[in-house]
Amino acid sequence: MSAEAAADTKTTYNAPSSVGQLGGRALVAGVVALVLCVVGAFVNPAGFWRAYLVGYVFWTGVSVGSLAIIMLHHLSGGGWGVVIRRPLEAAARTLPVMAILFLPIAFAVFTHRLYPWTVPEEADLEIIKHKAIYLNIPFFLGRTVFYFAMWFMLSYFLSKWSLAQDSADDPRERRRLKDRLQNLSGPGILLFGLTVTFAAVDWVMSLEPEWFSTIYGLLIMVGWGLTSLAFAIVTTVVISKDERLAHVYQPRHFHDHGKLLLAFVMLWAYFSFSQFLIIWSGNLPEEIPWYMRRLFGGWGYVAVALVIGHFALPFVLLLSRERKRRARSLVVVALLVLMMRVVDLFWTIAPSVLAMPHHGGGADAAHGGGGMADVVAYVLNFITPIAIGGFWLWWYARELASRPLLPLGDQGLEDALADANGHH
Amino acid sequence: MASRVDEPHDDLIHVTPNPVIEPGHTAASVTDKISALVLKRKTPLAWYIGFFISFSLANVLMFTIAYLVTTGIGIWGNNWPVGWAFDIINFVWWIGIGHAGTLISAILLLLRQEWRTSINRFAEAMTLFAVACAGLFPLLHTGRPWLAYWMLPYPNTMNIYPQFRSPLMWDVFAVSTYASVSALFWYVGLIPDFATLRDRAKNRAFKVVYGMLALGWRGSARHWHRYETAYLLLAGLATPLVLSVHTIVSFDFAVSQLPGWHATIFPPYFVAGAIYAGFAMVLLLTIPLRKFYGLEDFITLRHLRNSAKIMLATGLIVGYGYMMEAFMAWYSASEYEGFMLKNRIWTGPYWWAYALLLITNIIIPQILWSKRARHNTAILFIVSLIISVGMWLERFVIIVTSLHRDFLPSSWAMYRPTIFDWSMFIGTIGLFFTLLLLFIRFLPAISIFEMRTILPGAAPKEEG
Amino acid sequence: MRKPTRPAIYGVMAEFDNPTDVVAATRRAHEEGYRNMDAYSPYPIEALSEAVGHHKERLPLIVLIGGIVGLIGGYALQYYVSVINYPLNVGGKPLHSWPAFIPITFETTVLGAAMAAIFGMLALNGLPEPYHPVFNVPNFALASRDRFFLVIEARDPKFDREATTGFLRSLGAQEVADVEH
Amino acid sequence: MPQIFHRSTNTLAKLSIFGSIFVLLFVTWAVAEINRSSWNTGAFDEREQPVQFSHKHHTGDDGIDCRYCHTSVEVSSNAGLPPTKTCMNCHSQLWSDSPYLEPVRASWKENKPIEWTRVHDLPDYVYFNHSIHVAKGVGCSSCHGRVDEMPLVYQAASLQMEWCLECHREPERYLRPKSEVFNMDWQQENALAENKTAEQLARGRQLKAEYKVRPRAILESCSTCHR
Amino acid sequence: MSNIKNQGKGEGGKAKGKPLRTRFASGRVFFTLCLLPFTFYLSGCRQDMQDQPRYEVYEPSKSFSDGQSSRPYVEGTVARGYRDVNTAYYTGRNATGAGGGAAGPPSGGAGGGGLTPLTSVSANAPNAQGATTGGTQTGGDVNVRGNVAGNVPGAGQTGTPGGVNEFPFAITAKELDRGEERFNIYCAMCHGQTGYGDGMIVRRGFRRPPSLHDDRLRNETLGHFFDVITNGWGAMPDYSEQIPPRDRWAIIAYIRALQLSQNTPAAEVPENLRNQRKPGPGTPTTQGGHQGTGGERTP
């Protein structure tokens, strides 16, 4: 690629103005939703906390999952990754927002509102006492700080070296940066696995501190990977509406994204079913209540919805080669997956919070007790993730616009952009 | 990391030191070289020596089985509370080894990884033979293998059917499906090569035999199209099948309530372990094979390097599994889980097995982070050997150390394998190599027609 | 079995030594109006199958049907056996233990689909067919090595022994030979 | 390249591959049928006995009740094989010179049991109790067939597990009033056969309730017969 | 295989040059060798589970000289729970009316509630026990009173000395039903269903027993009937093994009912039952118990 051409492409691949507008709108939506949330939190605190945790884990998942997919791409290469690398990097750089948004959760921990092990009476139970070395407030917060530190570190270097590649004119320099990215990604994936596992234990699993499952970390990892992949697909489809970029995103890229999405959907179903079958078969008193809470009553319908919407439907839809190659139909599946991710997290998190004894009001609300609180709880379930998402998207749009939408220094770019005629 | 998810043209051959096939080859040279391995009358002396050794070991197996079925499985060391021991260890070990074959073939085909071409045939054969060895163990453990057909649902005079809630029954279906699909997948891949051999063979008997196996394949364009479609679909089916098989093997343990077995991470952890052991075995076999048969052109360093990376990745997943098991055993606050953990790694009489497991399976393979280690066939060979031992030890730890201390202290006992445990295990290794040697002697160990497709100039040039 | 109208030979075979030529020749023959023809190559060439006029593939449908049969059959078998035929209480689990039935259902689905793929492919290809007229041409042995062949069959309405042979020669074939029955 | 195979092999090869499914199905069916056949089960196979004893004569013609000889059938797992004494009850006077009865007299004199050949022999892993069946209204002829018409007794049923289950799953198809248990003539046409007439089913259900026959889940559970 | 055959024909049998015999022989040897591993399957012919190393009822044994696996009671022992103290119940005689009788019962029970050794399986053998021990025709344990071949006691001989004349337990309609059923199984063969002594066996040539409706028998004590069933009388063998004591009493009760049925003046029969009267003597039925004779029983 000649220097002029490079200079030309640099401007060509800047984010379209629509991205900025989108960010602005997202911020407005976020602020409005936040105000409503704060109001709702006074009416039904329990409803607020569980909705907040759902939204928080979902959006953190987009950021952190993006890290994993970037690293996966660095390790394996391939055109599919080249074209979504920048959106993924932008998503990973929203981590500061998520770090700030963790403060309400820290507040809930300090005020014993979310996690039973923070409640003194609960913590006196033999089974929880045993875990006190691990499940205590300072260590919990310390770990969270550590997770974010690690994620920042990964996101910082992955973005920095990626940007450096753009301006590096010397192929040897580019090659060195590529090696560096690759060398970071190997241990980085390892670090990702460990931090996400313990984050999953801390943030979600410890909602029911007597319950445990060894596959849980993997389940959350796959969920987050799936979320960010689906999100990246949505992003590419949105930005490919810009005519300057239309030729970049070709059916074969979407085909690969679709295949990867299918793989993630299957992996999620595989992990979820394995966990369910093993616990169902063992039928042990310390394990099975977790599923009892989530399979009977109204939650059973949510579970069925997950089986259909989170697995069966995307699976069948993604089997078709044509549907994977058409951006418009692929984005529908991706949006469905994103929606079901929220539902999955809701199904995972909310029953635990409802089971918490100290949320008398919340539990009542969920069981159809107080009319007003009840309605508020339902509304909160929708608007809290939107509130968090508004801020997240706003920041994401800024980050996305700050750099070219394609990694101009990537050696695979030429191949990725090549018109693959006669190729399928 | 694991695999290269990319398009063939994205393959950065110009910067990759080792291509998937050395330059200078043509369709004719590839065909002649590979088919000569089979059709050339002179069999290397090393083959005869290898065959003699492995066939002798296979006979040890035959005699052990003969003694076993006439006497009973009491000749094994299994006894309460260790009711499952070498038989299941070896079963899981072999079936795990079998996984890499289908995986290389199927997943890498789906991911359009060209480097699979030169090792897939060989790996598939390895799968089949490993599954055959694996199948022997549960079959013989039933005590009355001649009644094995009772495990299939057929209209019998007892009006009774298998118990479908049992993971052991899932195993029957999984392993038999796996064996038949793998065998057919392998055979379908061989059909065009049988045609090649049929057309090359000089000996009339060989012509007839290969001709029958080729089913009259003539390379028609329409046939090729359907063939490719079927092959791709089979690969798509085989991939989840492979994962399901070891998942179900893991259910054999995880579905129970025994501490040390009942862990939700077992499915992915077993699958990763299977791929780990499988790739180790692939390297263990291909490194000498390419040397003796001069196949360095086809099985290049790149294959070995990629296999090493996959081993590293799956090995780390296995390590993650150990870590999560240990962490959750503590986190669960369950008395039994806690005891299991302590007994397994520290206070129990089998602590050495766990320590050895960590060394062989986790610590030593970390050498594969080093690029230099990945490029050294000797190191790769040794590491693969160590991993094979390590993965065997893993099953030993899971099975024997979990069982020898069960819920009732009065029934605690140690496990001691008898000579027949060992002779069966070693015998299956003999059987495996016997079959493998027969395979490389009589069938093309490298897919000839697929090698032709990856040659430069294989694709027709488009005008304009 | 209309013996009287049976042509004297099976067809005419042209030999090429590279994939580009055979694809071009096949396209030309198709343009010329020949329909009953087949091309032979030592490895799959996508363009060649398109050139001989092979577009629609029924195999995926067959595989889908095989998979569905396996799925329904596998689950129905387990349901019938565990709930209807011999309702045994095992470990207090419900008779219809659907989570426990999923692994085997999965296996039978894969088995059904795989069998459909393999036997469907063989059936659609008309294999096994150990005897075929093209094997009568001595050079055809190279079709499994590095040569490419185009055969225009005698049953094609446009077929004319001399004219077709001439046409094939004009396409740059190395050699053109008659294919005996 | 010359042809390796003859033209006819095309058909043969296709048949051998695609016909194999039918062969397989046929073999499975055939093996299942052979297993069920009397060749395998020994049903309808008249056993030679040391004494030419005819159930047809004693039961059918003379009307001797089953329990006259098989005394313990109502109270024991075993129906009871009569001692020589029981034979001698009558044959001390009747046919006392008959050469056919010489083995009986020899047994009586030498105080040695007659060694009868067993006709109904269940595997040792099966627990079977006559008394419970008799007490719940299962007739002799339901399992043993028309013994009163058998000069030499043979096994009338296959005695295979599926045969046991046939009744254990739906006892109402075979139950009869307790007073008719020893009646060889009871619904002759239905003995040993699929009995699903509405009349029998209605009566069977009533008897099942009356005699407190256990529910299917218990009758079918493994330990009912394998203990 | 068929392909090879066809080819062989088509090619004019290239192989014919070689000595056919050796080719066949080596082929056969190879084939046999290939089959060898399958001989393992022969071990499947074992029937270990079908025939377990334990004795089934009546199974012969090599361990004992008489070839029986079922062992008789040890001489002079009484099993726990089978010490028969109720003399009247088990012998039909008063405890005081000991001994006597030309053919006094061998049961030691006459000694007044003493022990009844199991070896003389007389009155006291519980039926289930009798079935297993009586098992393989243990003819030697049977007590036959008198001469089986004949030598009938004279008609003038008195019955059973000291025979009780009341039932040791209350006779209800249920007991009567039981008695009827047992009578029809064991007694009707000779005595006939109505007791006139015209049963099927008699018609086949067995010595005709006296009618139960004879005056002598109508006036006999209950204990006499019990003694006869237990120990036999004349041509009649004992039925101690076939009929447990309680059933004997039930049969006796039924005999009494039969006797009443044949000798009650019509006037004494309640009005409403008179028409139900079935044909009396001379119409014996030998078809077993199912042709009920309930109508003849007088309440």
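All chains are identified by letter, namely A, B, C, D and E, in their written order; residue positions are counted from 1 within each chain.
Assume a residue touches a chain if its C-beta (ideal position, glycine included) is under 8 Å from a C-beta of that chain, and two chains touch if they have at least 3 such contacts.
Keep in mind that what you see is a predicted model, and the values were worked out from it rather than measured.
Colleague: As a test of understanding: of all chains, whose mean C-alpha position lies farthest from that of chain A?
Modeller: Checked the centroid distances; the maximum from chain A is E.
Colleague: Compute the centre of every chain as the mean of its C-alpha atoms, then state which one is farthest from the centre of chain C.
Modeller: E
Colleague: If you tally contacting C-beta pairs, which comes out ahead, C-D or A-C? Let me know.
Modeller: C-D
Colleague: What is the distance in Å between the mean C-alpha positions of chain B and chain E?
Modeller: Chain B and chain E have C-alpha centres separated by 67 Å.
Colleague: In whole angstrom, what separates the CA-based centres of chain A and chain B?
Modeller: 35
Colleague: Can you compute the centre-to-centre distance for chain D and chain E, using the mean CA position of each chain? Integer Å is fine.
Modeller: Between these chains, centre-to-centre, one finds 21 Å.
Colleague: Give the residues of chain B that touch two or more other chains, as numbers and ranges in rising order.
Modeller: 159-160, 167, 198-199, 208, 211-212, 215-216, 240, 247, 251, 462
Colleague: Residues touching two or more other chains, restricted to chain C: which are they?
Modeller: 86, 88, 100, 103, 122, 128-131, 135, 140-141
Colleague: Which residues does chain D have that touch at least 2 chains other than itself?
Modeller: Residue numbers touching two or more other chains: 1, 4-6, 8-10, 13, 165.
Colleague: Spell out the part of chain C that touches chain B in their complex, as residue ranges.
Modeller: Checking each residue of chain C against chain B gives 18-20, 22-24, 26, 38-49, 51-52, 54, 57, 59-60, 63, 77-78, 81-82, 85-86, 88, 90-91, 93, 97, 100-101, 103-104, 106-108, 110-111, 113-115, 117-118, 120-122, 124-125, 127-132, 134-135, 140-146.
Colleague: Going by the contact rule at the top, pick out the chain B residues touching chain A in the complex.
Modeller: 1-7, 9-10, 12, 15, 110, 167, 240, 243, 247, 251, 254-257, 262-268, 316, 320-321, 324-325, 328, 331-334, 369, 462
Colleague: Considering only the defined contacts, which chain A positions touch chain C in the complex?
Modeller: So the residues of chain A in touch with chain C come to 273, 276-277, 280-281.
Colleague: In their shared complex, at which residues does chain D touch chain C?
Modeller: Touching chain C: residues 1-10, 13-14, 17-18, 165, 216-217, 220-222 of chain D.
Colleague: Spell out the residues on chain E that touch chain D in their complex, using ranges where they run on.
Modeller: Answer in residue numbers: 2-3, 6-7, 10, 49-52, 54, 56-58, 60, 66-68, 127-128, 130-132, 134-140, 142, 144, 148-149, 184-186, 189, 200-201, 204-207, 235, 237, 241-242, 286-290.
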